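The two complexes that follow have chain A in common; it is paired with chain B in the first and with chain C in the second.
Then we have the complex of A and B:
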């Protein structure tokens, strides 16, 4: 089962990298859904020999909440806010990809000196979860639209969740469920925030005056 | 000595005989995806035969470079073929470091193609040359990164060891690395052979294409050589990826060869499916696709180092 865990970890990092390289917000949300579904499979592989009800609950909860519900809410948000579908990165996409590659290498380098308690199912879980967190952080920092920042936050959460899964036995279920609820609440709030922010941007004079300044100076 | 000659000859016969068929299968799959019947899979052979019967027409402004380029291109891929193992057939030429020779043979062919395109003085061909030079720089980065990863895994820098017998058998141990290498190499294959997300092999609209625009002025036998070289190059790139994907060996040469050829057929169908289901990327986004290939290769390299150190 180790090879399947490895595969999922690699895919999760790959999806984070793919989000970083996507131009369309819809595409980003779809990739995020795929990443969450992959993440939902990990508990099955981790405890393949003795599958408990808790594993199934966590896995299904992840898949339904992060793989279906959250993308649905985000799609709802971008449909109803009538925003442009292109992301607006601060740094170019090409540079983001190179930065992402550097971050992945950094995550592996940091993991060299990290020792986790207990026996790990696979030696790739820790570096890959760190890489996902860093890539999510990068998405959050370098993409200016509110929805894309929410997505970056969610990718970061996925990385933390992967990390928590590797310490599964040491952690009570409540914490796991807490993380899921946390995200659920966060998306809800963010969806509303996005709504407001975007409406105000479109009505407000801020954008107009900025472009005028650009012309005169 | 006679034996060596025979191996080389046999290798060339396989490559030259099957390469147009590979292109034909891709075209057939694309036609079927589009709901058409499509040309027979042997159509590329007919087209090559037709071109080989024709005469070449040369512009008065061109020099010997223009005439040399098709021959150099064709010779280069034939030389490249000798360095690659194909299924059970071992590479006729193998030595430590032949991956570098292979990469630079391809670069030589590309250099001649670019200079020949510039030689015509056609501004469209100049545009195509500039794009080809830029994109091949980036795809070479990914290609070499993958070679380094494979070299770390096999502790060898010869094609015969790197994609030869023992690598695919390590799938259970290092499948994430091989997966990344295969994914990255596949993007390189699409870019180097001008397949759809990067370049459309069917279009003849000068403003958007890369490879087709560079061979606009070639005609007759010269064009046949260029098309044949393109087909062989595509076949050989697939021949690098397919052995990495087959995780078992039966031990029987005939069965192994059959599995390899079935894998090549599957690869042709897959390329056709990818080409049918994707649109051409905008030119300024091709760069990002190639950078993703390089990032995947780098990721594979990091994981290989991580595993190698553990």
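Then we have the complex of A and C:
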């Protein structure tokens, strides 16, 4: 199953890079959903020989919460605002991709000197999760819309989760579920705040600066 | 018993979400806080048994934090009776979220599993965010957004640190605190170091330590006094508890030197940055927020020094919380009376509201660590520990920063208290409930400064032994 794990790890990094290269917010959310679904498949590949109820629960939890509900909430947050298109990056898409490539290379270089103890299913898990975390950071700092910052945070969380899924069972299932649920709640609250920001900036005479809507000010 | 203490505020919070009357909600909040306080007071006499396979344990560190939490919520509950006499807005969100926070902070105090601890700390972030935008305007939304994003990212770094710790402890295959402490020699040192860095940065961000303090002035400046008290007094100190848990592991593995070098760096920055920024500040809540950064810096310096310094830090946890009650509740009552907390719009408070004016002076003295308030003693203990462990430069630097911060706060507070009076929004009347809450905290803080009760000293000493630094 190693090749399947490798493939999913690479796909997860690829999706993160694709988010960085996308102009439309709707597109970014869809790519994020695809990334989360891929992440949800990882436990199946990791423990293909002896699938436990815990793996199934984590996988389903990831897919349902991050792959379906979170994108749904994000679409809700941007529903009636004319901000579906143009992301307005601080640095252009071309430069972003080059920066992202540098980050991926950096992540692989750093993980050369980090040796995971015990026998690992795949060598790609650690570098790929680090790369995803770094790309998430980059999405957060180079994109100015509130929703894209949430997406950056979520990509970062996916990177952390990839690392966690593939390791061990130091966490009881209940706590792991708690972590998932917490992240979901975080997105929920962020979406509400984004919505408040949009409403606040739409009303009143200050609505002249429509282009500023949804931006973090 | 512990589980009931976590569940009770949670159920009350769900009740407060229902469409019930304003008065009922206020009373419910007061009753929940009072019940919580009574239970915690009983824990000083009879310690409860561990629950859920040893995931929930109340040790002296937890007891200290839990008592602070209880006291602060009770003060806020009393203060709230007065606050909502003059407030037309619904109290649904604020009370429900505060009760959720009470439940989660109880969980932080008693959780003995590092994963569970992370979940609880993260949840406190989530429930405090809606509180900040109580006055829903642009500035408060901006503050909420900043807080939510900076703290969420920070706390996810702590999650990464927790997973690195799990890698370091892969032979133990658990993250339960006693198991890690007992099996400390089996931890892999390199991964442990990596995890310590991530945990300190992550939980430090949540504590508002420099250089990740940027959310603090905005957040405390925009939220109402009651919310700022809870955030500055206990939400931040919950993360400090998490740092002390990390300290426990470091002390067992001989990495305490490494741990304290990081803490010194961030502690020194957290003293220097407020000292620089507070000088030009014209908003009293923001000035108090800088003071909160400084107090967090003092706490981590004490933790880094260990021994007497740690004793000072634990005592400072109590004092800082009490001082925050005095400072932010007074600032909140000024802000409600004048509709602003900026120097230009608020002047001559003592001529219009004599009691509030005196409270402002007291909050200056309590917040900057003047005798007879106990903040003076705990800061002195930590500086004393720095001198006796030959960190002379650190001691001199800390005193210099504290002096600068005193000048900064004194300037703004005295400007507000004295001078030509400006016209307040509300009619000239002091409020009994608000003043009673602040006055109780003043008595407690001055009392601890003059005489330290035996049980408190015993619990703090036990907690110092527990960390073992």
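In the analysis below, the second predicted complex is superposed on the first by the 190 of 217 C-alpha atoms of A that agree within 3 Å, B and C clash if a C-alpha of one lies under 4 Å from a C-alpha of the other, contacts with A are read in each partner's own complex, and residues count from 1 in each chain.
What we mean here is this: a residue touches a chain if its C-beta (ideal position, glycine included) is under 8 Å from a C-beta of that chain, and two chains touch if they have at least 3 such contacts.
Bear in mind that the values here come from a model prediction, so they are computed numbers and not experimental data.
In the three-chain model built by superposing on chain A, chain B fits alongside chain C with no clash. Touch criterion met: A:108 reaches chain B, while chain C stays clear of it. In the superposition on chain A, contact of A:98 is made with chain B only, not with chain C. Contacts of A:167 after superposition: chain C is touched, whereas chain B is not reached. When the two complexes are laid over each other on chain A, the CA centres of chain B and chain C sit 160 degrees apart as seen from the CA centre of chain A, to the nearest 10. Judged by the touch definition given at the top, the superposed model places A:133 against chain C, while chain B stays out of reach. After superposition on the shared chain, chain A has more residues touched by C, the comparison being chain B against chain C.
By the touch criterion defined above, A:116 lies against chain C but remains apart from chain B after alignment on the C-alpha atoms of chain A. Taking every C-alpha atom of chain B against every C-alpha atom of chain C, the smallest gap after superposition is 21 Å.
On chain A, the positions that touch chain C within their shared complex are 114, 116-118, 133, 140, 146, 149, 153, 156-157, 160, 163-164, 167-172, 175-176, 178-179, 182, 185-186, 189-190, 192-193, 196-197, 200-201, 216-217. The residues of chain B lying in touch with chain A in their complex are 171-173, 175-176, 179-180, 285, 287-288, 291-292, 294-296, 298-299, 302-303, 305-307, 310. Every residue of chain C that touches chain A in the complex is listed here, in rising order: 113, 115-116, 118-119, 122-123, 125-126, 129-130, 133, 136-138, 141-142, 144-146, 148-149, 152-153, 156, 159-160, 163, 166-167, 169-175, 188, 190-191, 194. Contacts from chain A toward chain B in the complex involve residues 3, 6-7, 9-10, 13-14, 17-18, 21, 23, 93-94, 97-98, 100-101, 104-105, 108, 123-124, 127.
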